[in-house]
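Two complexes follow with subunit A in common, the first pairing it with subunit B and the second with subunit C.
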Partner chain A sequence: MSDRENNTQADNALLLRVAMGDQTAFAQFYDRVSGPLYSMALRMLGNEHEAQDALQEGMEHLWRKAPSFDSTRAAAFTWAVMLFRSRLVDRVRRGATQSRVIEQVIAQTDPEQHDDATAVQALARHEDCHIVRRVMATLKDEQQTLLRHAFFTGWTQQEIADNTGKPLGTVKTVIRRALLELRDRLTQEGYEP
Partner chain B sequence: MNTNAPHSREDEAAAYVFGQMDAAERITFVKAMNQDVSLQALVDDLNFTASALALDGPQAVAPAMVRERLLASVATITQDGAQRPSQGVAANPQRRTAALGWAAAAGFAIVSGVLWNDLRGIRDTNKIVMMKATEAEARATTLEKRVDEVIARDEALSNKLIQSTAANATLQQSVATAIAANETLQKELTQRAKIADDLKVELVQRSKIADGLKVELAKLTKANDSAKMQIAMLQSTVKEYKQGVAVVVWNSETQEGILKLEKMPPVETGKDYQLWVVDPSKKTPVNAGVVRVDEKGFAKVDFKPTLDIQQADKFALSVEKVGGVAENEGPIILLSP
Partner chain C sequence: MQTTTLDQSQREQAADYVLNQLDDAELAAIEQGIKTDAMLRLAVQELSDAAAAIAYTSRQVLPPALAGLKVQTAEITEKVASKPDSGTDNLE
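Moving on, here comes the complex of A and B:
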């Protein structure tokens, strides 16, 4: 079994225990996912204090929602990231940090220069991290930019079109193709559910 | 929403995954997803891919205090669908005694607050449970419809299978009947071919006999040109003598004749063939003598009737007692026209 599969199984097993109200399992699960979630919060909110607050609030939300986790439909990491992102998007839409965030979203073309060394070292899925970055770099610039807009800004497709000056149809097509290409290339690299 | 167009479907799935739909679009899409397993699988797939983007940006470590705060807080947070944890609410007994007055005074307000919060929590939980129940009900209805469809298809297929099996059995019976009829016809054809061959052989034989008789007649005619010759072919009145051939050549001047027999069956023991001449001036047929055939049924005899014949109207051959009789007693088997 690969490291990826081990990670996925470990995440799933912990989250199922969390769903049963196991706080020790929750602490372990936090240790495995908090890095990527916090990094995501930093990127989307652009403020350490707010990102920490969002991490706590988001993880509390995961704790509440854990009983609804369905391991047949998603891996625990996917479930946690997408649920947490949804909370971040709500927070972004309520807040006024958009301009700083957009700058970060677009400017971070070389993430490894900005990595916290200990963070990557501690990251249980550091190999996944390298794969995702490598594969993202193979997409066209426009695809990378629009995918990051879609994921990190919380904008609607119309808002992305308005803010980038691209036609709505182009935005939809580029995002769709980028996401499908990303999926296919990740699969080729062995990054799959 | 046009879920038939693959690109439109994927556009919508991507928008759903990134949370880019408005409420109405999201409700419509979720409804479609609940009825379409492949759409659900696509969304799961894209969710997985999108979640990988969390690893795309620079990675950072959250401060330890966030962890501490969080773990302290979850001990008091009720999970959706779970019982509220009981730990973390017990107070020190001494402080409780000291604060009894305050507690008594503030008791109503605290209890009310707790109850109010509980009530809100229960309401929230109820809303979530109701939403889930509605979703589950919608899925159950969809599944029920699919099961009904599958059962209906299964029944239709079973009926077709039964009809097809019955038709097949009928066809097999028809084929078996046709094969049997064909075999019967072939047997009959073989028998008829054999009969035809026998008839051909017989025809050849009869032709030979006729040729022989013609030669005989030619000889007799030549021998007595001036004689008044009468020729008669005797025909059978009895089935078993049908194949027999009998020709009489009668000379009324000489009162003599020749009888030639062929293919006559042998007479039973104690019997003989006997020739008769029918003369209208006589009360009974006139005896023309006994005729004996060889083992091949052949005989050629000269005969002279026992009485003078005025007019030989007919010639007849009968089966009589051995040695013959004076007057006809037995059955007439051959008679001239």
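Moving on, here comes the complex of A and C:
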């Protein structure tokens, strides 16, 4: 079994223990996922204070929802990221505007140039991080940009079209195709969520 | 592991669902489909994996708790125990 498969199993096992009310497992799960979750919050919300608040609130939500986790239907990392992202999207759509500023600033730049080196080393899944970034870079520039808009801004496709000046039909087509291609290429690379 | 038996419209709906781009009626329809269609359920699962991976493409920064502050997970569990939850989410 590869290290990446071990990571998947470790995360799933921890989250199943969290679902049983195991606080030690919750602390360990926090250590494994809080880096990517906080980084995502910072990207979407645009300031550290709100990102910290979102992480705290999001982890409370994960603790509450853990009993609904089904490892046959989702990997723990995916479950945590997507559940957390939904909360962030709610925050953004309630009125936060910072993400728009941040998105404009760093959308076209290489994220590795901005990483906190300690944060990358601390990632339980740093190899996965490198795989995902390498695979993402194989998508066309327009696909990368619009897919990141769709994931990180919380915008609707109409808002993305309005803010990028692209036709709505183009936005929809590019984002859907980009996600499908990303899935295919991650699978080919043996990515384990 | 890739899903090949769904038609293009279903694959597009699955992608839109994963990225929270459906209106209420579309959302209700696909969630009903997920309950009954194993291929659609698998497609959503795989696309969710891919979408979640996008989190790695943002600048990676340590949260304060991992940058030196004490992780307060015990506080979270105590706080949650005293406050009931509300609302629903995808992937539950």
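What we mean here is this: the second predicted complex is superposed on the first by the 178 of 193 C-alpha atoms of A that agree within 3 Å, B and C clash if a C-alpha of one lies under 4 Å from a C-alpha of the other, contacts with A are read in each partner's own complex, and residues count from 1 in each chain.
Note that a contact is a pair of C-beta atoms (placed from the backbone, for glycine too) under 8 Å apart; a residue touches a chain by one contact, two chains touch by 3 or more.
Everything numeric in this text was worked out from a predicted model, so none of it was measured.
S.K.: Under the superposition described at the top, does placing subunit B and subunit C together on subunit A give a clash or a fit?
M.R.: Clash.
S.K.: With the two complexes superposed on chain A, say which partner A:Pro36 touches: subunit B (first), subunit C (second), both, or neither.
M.R.: Both partners, subunit B and subunit C.
S.K.: I'd like to know which partner A:Arg148 touches here: subunit B for first, subunit C for second, both or neither.
M.R.: both
S.K.: Taking the superposition as given, does A:Ala66 touch the first partner, subunit B, the second, subunit C, both, or neither?
M.R.: First partner only.
S.K.: Taking the stated contact definition, name every residue in subunit A that is touched by subunit B in one complex and by subunit C in the other, in rising order.
M.R.: Touching subunit B and subunit C on subunit A: residues 21, 23, 26-27, 30-31, 34-40, 42-43, 51-52, 55-56, 59-60, 63-65, 68, 73-75, 77-78, 81-82, 85-86, 89, 111, 114-116, 118-120, 122-123, 128-129, 132-133, 136, 147-148, 150-152, 154, 156-157, 172, 175-176, 179-180, 182-183, 186, 191, 193.
S.K.: For subunit C, which residues are in contact with subunit A within the complex?
M.R.: 1-2, 11-12, 15-16, 18-21, 41, 45-67, 71, 73-74, 76-77, 79-80, 85, 89-92
S.K.: Hey, which residues of subunit A end up touching subunit C in the complex?
M.R.: Touching subunit C: residues 21, 23, 26-27, 30-31, 34-40, 42-43, 48, 51-52, 55-56, 59-61, 63-65, 68-69, 73-75, 77-79, 81-83, 85-86, 89, 106, 111, 114-116, 118-120, 122-123, 128-129, 132-133, 136, 147-148, 150-152, 154, 156-157, 172, 175-176, 179-180, 182-184, 186-187, 191, 193 of subunit A.
S.K.: Would you pull the subunit A residues touching subunit B in the complex into a rising list?
M.R.: 19, 21, 23, 26-27, 30-31, 34-40, 42-43, 51-52, 55-56, 59-60, 63-68, 73-75, 77-78, 81-82, 85-86, 89, 108, 111-116, 118-120, 122-123, 125, 128-129, 132-133, 136, 147-148, 150-152, 154-157, 172-173, 175-176, 179-180, 182-183, 186, 191-193
S.K.: Enumerate the contact residues on subunit B facing subunit A in the complex.
M.R.: 7, 10-11, 14-15, 17-22, 40, 44-63, 66-67, 69-71, 73-75, 77-82, 85
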